[in-house]
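What follows is a set of structures to go through.
In what follows, chain A forms one complex with chain B and a second complex with chain C.
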Partner chain A sequence: MNTGQRTNGTDTRPPPWRDVRVLRITVQVAFLAGVAALLWLLANNLVQNMQAQGMRTDFGFLGQAAGFPLAGADFSSRDSIWAALVVGLRNTLVVSAWGIVLATVLGVFVGIARLSSNWLVRKCAAAYVEALRNIPLIVFLLFLYLAILQQLPRINDAIDGGGFVFSNRGLYAPWFDVDDDSGLFLGFCAVAIVLSIVVVRWRTRRFNATGQPHHRIVWGAVTFGVVVGVAWLALGQPVSVTLPVLDGRTVSGGYELTVEHGALLLGLVLYMAAFVAEIVRGSILAVPKGQAEAANALGLSGAQRYRHVVLPQALRIAIPPAGNEFINLAKNSALGIAIAFPELLRVTRIAIGQGQPAPQLIGIMMLMYLAISLTLSLIVNVLNRRLGLRGV
Partner chain B sequence: MSEIKVHSSEYRPPPPDRPPSGTRSPGVWVRQNLFNTWYNSLFTLILVPAIGYVVYRAIRFVLVTARWEIVEVNLTNLMVGTFPRSELWRPWAAVAILALVIGLGLGVTARANVEAARIRGIELTTSWQQNARRAAPALLLVAALVTFVRTATPLILLAATVVLAVAGYLVGRRIPPHRRRWMHLAVITGLLGSYVVVTQFDGVSLDRWGGLMLTVFLAIGGIAMAFPVGVLIALGRRSTLPAIRLVSVVYIELIRGMPLIALLFMGWLILPFMLPVGFPTPGRTWRVVIILLLFTAAYVAEIVRGGLQSIPRGQYEAAQALGLPPWKTMRLIILPQALRNVIPAMVGQFISLFKDTSLVLIVGLTDLLAVARRVTQQPEFLGQGLHAETLLFVSFIYWVGSYWMSRESQRLETRLGLGER
Partner chain C sequence: MRRRTLLLPVLIPPILMLAACTGGDDGGADDPGLPDDDLVEDIDAGPADDDENATDETPTDGTLAQVRSRGVLNCGINGQVPGFGFVTPEGTYEGFDVEFCQVVAAAVLGDADAVEYIELTAEARLTALQAREIDVLIRNTTWTALRDGAENVSFATTTFYDGQGMMVRTDDGFSSIADMQDTVVCTLSGTTTELNLESAFSAHGVDYEPLTFEDNDTLREAFLTDRCDGWTSDKSQLAAFKAEWPTDEGGPDALVVLDETMSKEPLSPATLDGDVEWFDTVNWAVIATIQAWEFGIDSTNVDEFLAVDPEENPDVARFLGIDDFNPGLGLDADFAVDILQQVGNYQEIYERTVGPDTALGLEPELNNLWTEGGLLYAPPYR
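Up next is the complex of A and B:
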């Protein structure tokens, strides 16, 4: 451009309709305007249609009494709709969190089992993964719920043994019985955790400095046990384990999981574990073979080779895809609606069924799911940055 | 790999190890694979009775205790839902067209694979055992359907369909490379034709479809419509114009951040409100199709983006050096390579969509799963807890479909030379 100006003294810039810079800006402005116009049109139609049908377009209804009860939650029909949504969100979060933890544990086991040197173990793990991965989650959930858990015996003749009670009304497991001093006791537990971390760090430092065996796990566990044990005795045994006791038609004590909750959690865990297992297997196989061979050459045992060489490297490879599966699990918890578990989607659905305006409710629900997904992907990204491979 | 230079006069490579002898006695195999360490022996001893018990219970259920008459009586319902029985010839015609087209497509791909391998100097041969293993899942499905069929007509039609598929495959294998571009057209025509033959000419509107037929339509229709949209969004995601890139990213992330089932609710309850006042509301099935399209397009876009990123810069530069304008570079050089690289991932997305179509049950469509749920409410089966039978049948259909497609996709992946390092 400058050279052109210098040689013949006139502006040789192309006319605006051929100038790339002008064109780029025009195209973008036109595109954004088009998108904005489309969105405005949709929103405008929405408001007009709602008014035409006499629906309210504000969010005032959130404070009204819900008018419906929610099973298995501390919620009555006089609480507000907003409170109902919060109950739904809490159920979604709880089931997702437990689901992620348990699916990871099970998935790692199955993934390692797929690489076992035992033919039978390998084939069993492969059968498990292939059977579950190729059917839809909703079919599996319905199967668990309708064909297994609901076919459990009625509460009168529930399966009762080993501290567990199974019936078609609920699943009961041993749990902690907490009395009034429990807040103080939980405080002591927190102190115990901090102390044991300090002890573990001290043992590690000592090991690094002197090379003497650290036994840091033993030291940490003993510290924790001593502090918690002393606190437990000193506070007059504030927490005890209770077993569920079946007495005629009622069960007292223990932890109660409704059949719906149990089916959703179990379904999510078993199903997603198959996907996690594939990631674990792929990540272990992706660790260069030389690493395992080097570990063998150093004389590490099979377990040591896994623990110190293969798994730490496989973990780094596994983080991004496993993060995706965790997000999927949280999203899949919405399938609780198929088996009447009051999670976010089902609560929204019930509220809409009670005549509350659908657009606002679905908008709120969408934002909540989006928030969950984005938070999870943020956590995965941070983890990946902290633990992931650098410079690759 | 760095070459190790060795003087040939001094270095003699050691003689290669003898291959292990092929005949190992079963005892040796058992010792090596089941009892090679103490913990493996323990696992084996625990697993054998456990597996035995589970297999015994499963076989006993399937062959003895299960009451399969609920599936036998309702087989037509499960296949087509409440589709008018007088018009059943239409789905059969559609199935025939699809069988022909799919056979044709597989035949053409098989020949293309053989030719591509020959260029690389590999002679692809397939033994009949391999072919049998490939066809096994499909045969299993046909066998299961045959055991549930109670009249002769469906059997004859099913046999005719299989014959058509095989004929299509054989024709496909004979099509020479220069005619191959017409095959895309044939496949698209076949897909459209199978839709037209059911809905047009005094046909049956989409909202009366049901059962497996609806499931297959949602899956194929969803991916076919989402594909062009997804490619466009992927191109937008890679655009040099920041505004277009931003809008594409926001779209992809929004869709991917929400559960499909929640989006289906939106399509069911809110989409009608977003159309102009007085505009006729599209039928329930079309609303689901629109949502499946919007949802799948975001995932297709991410897959295609991966394919676009896998194309080396040199390809762009070479195209520029040849004087191709950007859109021609994309259309003639980049996209063909990128799309070929993502075929396995696209098959994976299709499988996932096939499974996800079962969610439409929640928004009131009568797909395969919905029919299976409803038949247990029939007066003669009500309250008898026959969920295991119906749900197992549905799972089996989904399982065969997904497993077969993922197997074929893995094959394709190795044939394309992807995943090789």
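Up next is the complex of A and C:
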């Protein structure tokens, strides 16, 4: 252990109360113990006070029938409180996932537009970013919901045509009607995807080897279409398309995007895209200028320069900050409570309003949000490691 | 390490909130801006030995003594429902519930104006009571078993017998809930209405889509723009919103409240469990307004009644404290006089705020004396 020299029986190592290594560990252990004691104290106090007031401290209520309805077809009031929370979690996940995808796409376009050499495009993008970034999201959501989307045509004057129905209750679009025995068909769809990936890779290899045009998108799409089409015919057309039908004041069939869902999604996308755009702009500017100049020297066009040289390097820089924005977006989806969208917070509050215990429900909700954020964080970290420069 | 520090601020507020719930040392409402003090005190008291806990839970001075020493009644109300509890353009609170706050203040403090009104949302109201931010909750709150039991609330004599109704647009032609197949119904979160709504629609086998809002303002806007076909709430509240419907949308006649009553909604003042003295005080303050109506005493003639001969009319004399009868409710013998002089009897309050001559135009129906076919029945004051 001690590699120090021993001379004349004297130990060069100081006594424990002056040994910096011992002191460091002791202080950290003591600090941890203090934090743990404080948390235990708070938790104990909470449980004691709840019991003193006769409030329940267990989680048995989760299995009880909810008693309240939720918008959305697959939840009835006889399902459990837990099932209601899962519906809320699912709605939060759906709006967050679509929000992240769409905010990224829009953000990249706006970010590039901010660096455009065209004065008008550049200024429009800058105005968008500055306007959106500098108002509170909840104000923007209420504006979208009450001042814009609620003012769309009422259901009696709904716009109905081309397979779409459009009113201030929601947007209804054509959608797939799936039969019960369509599991096999979905299996074939998966096979089709795998096959088209294989074909695309083969075309890429061939292009790399021979220099012949690859046309890999066309090849992949044709492969997918042929396999799915044959399976669809062979299995007796298990999936058909339904169109929304407006009948008086109700719409049946098709896909329903309620105005609350739409307002929340649109608000999150427009708002977060402004932040993503700034990250994209900063990342592009952070790519050394020599890279773009070298691309120019090789004779690449503007689009090719972005596609093959600048954006791949900018992506690497953009991932960590963009990940933060994705997590923010998922957390901001809780603001859907203000516009009646039944996401996780809304459902939890409804349950609490019906007399279910608040501490447990809020605890569960916090854990769910934490799980969403940590999962996103994990994905971003993995991506960052995979795409980062090796050996730097 | 970064994540751990993220966690702490998230976890602490709810714990802190609950820790403050049973503070019980100073009512907690005096300094809502300083929850840290409460927390520190609770940590000291919480995990210590049982004796200290016991003294913590049974404070030597109850709510009644606290209100008296404070000189102000903290009354939880609704600030958004015309007729019941709302803010006037002059910035004062008015309404049926507000006047009952004044009744309690007059009975306890002898001054109907010594009230601090605290506006509460439907979801926060019981928590505010449990956290002792308010002394009494008079905010169109339905008396239910769950609230009486698990939520630790005691309900005093009902001030308003209400029922849940459904409001629809006259043009849509719905005449009952059975007609409302595949409609969208707007409701407010954190209320008993969601459960009744579900029962009423499933009883008729009618499918509907609920839309649950956080506050009445957004809900009203959504109903205004035809986002929902029906608006369900207590009939009194629906009448209040109907009365204020904008004229460019057709005014009050554009809306109709269906005849069906989906539920019993006895709206009652609520106090926290475990303080019987305070509960009695609030309860009898409310009862006194009904008793006064039964005796025919109101704010205009109470002074004449004060001159009655105790021999001739012993009931009235006891009620007005003329013969110093004190039933031990913790109130002054002449508390009813303070109520009547400063606020009035039940009938006056009703007709001033929600009655047929007001914008709400609610007929008394159940909210009438038992002798007139209503449900208001005061226990004898003796």
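Here is the rule we use: the second predicted complex is superposed on the first by the 341 of 392 C-alpha atoms of A that agree within 3 Å, B and C clash if a C-alpha of one lies under 4 Å from a C-alpha of the other, contacts with A are read in each partner's own complex, and residues count from 1 in each chain.
Heads up, the rule we're going with is that a contact is a pair of C-beta atoms (placed from the backbone, for glycine too) under 8 Å apart; a residue touches a chain by one contact, two chains touch by 3 or more.
Owing to the predicted nature of the structure, the values given are computational and were not obtained by experimental measurement.
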Chain B versus chain C as contact partner of A:334, first or second or both or neither: first
Partner chain(s) touched by A:21 [first = chain B, second = chain C, both, neither]: neither
Partner chain in contact with A:362 - chain B first, chain C second, else both or neither: both
Partner chain in contact with A:46 - chain B first, chain C second, else both or neither: both
Contacts of A:385 with chain B and chain C, given as first, second, both or neither: neither
Which of chain B and chain C A:307 touches, first, second, both or neither: neither
Which of chain B and chain C A:342 touches, first, second, both or neither: second
Touching partner for A:151 - first (chain B), second (chain C), both, neither: both
Partner chain(s) touched by A:250 [first = chain B, second = chain C, both, neither]: second
Set intersection of chain A contacts, chain C complex versus chain B complex: 42, 45-46, 48-50, 52, 142, 146, 150-151, 337-338, 349, 352, 358-359, 362, 366, 370, 374
Chain A-touching residues of chain C, taken from the complex the two chains share: 3, 7, 10-12, 14-16, 18-19, 21-22, 42-43, 46-47, 53, 57, 122-123, 127, 130, 146-147, 150-152, 172, 182-184, 189-191, 194-195, 197-198, 202, 208-214, 218, 221-222, 225-227, 229, 273
Residue ranges of chain B in contact with chain A within the complex: 33-34, 36-37, 40, 43-44, 47-48, 51, 241-244, 247, 254, 256-262, 265-266, 269-270, 272-277, 351, 355-356, 358-359, 361-362, 369, 373, 385, 387-388, 391-392, 394-395, 398-399, 402-403, 406
Contact footprint of chain C on chain A as seen in their complex: 41-46, 48-50, 52-56, 67-71, 77, 142, 146, 150-151, 154-156, 168-169, 249-250, 259-260, 337-340, 342, 346, 349-350, 352-355, 358-359, 362-363, 366, 370, 374
Complex interface listing, chain A residues touching chain B: 24, 27-29, 31-32, 35, 42, 45-46, 48-50, 52, 116-121, 124, 130-131, 133-140, 142-143, 146-147, 150-151, 331-332, 334-335, 337-338, 345, 348-349, 352, 358-359, 362, 365-366, 369-370, 373-374
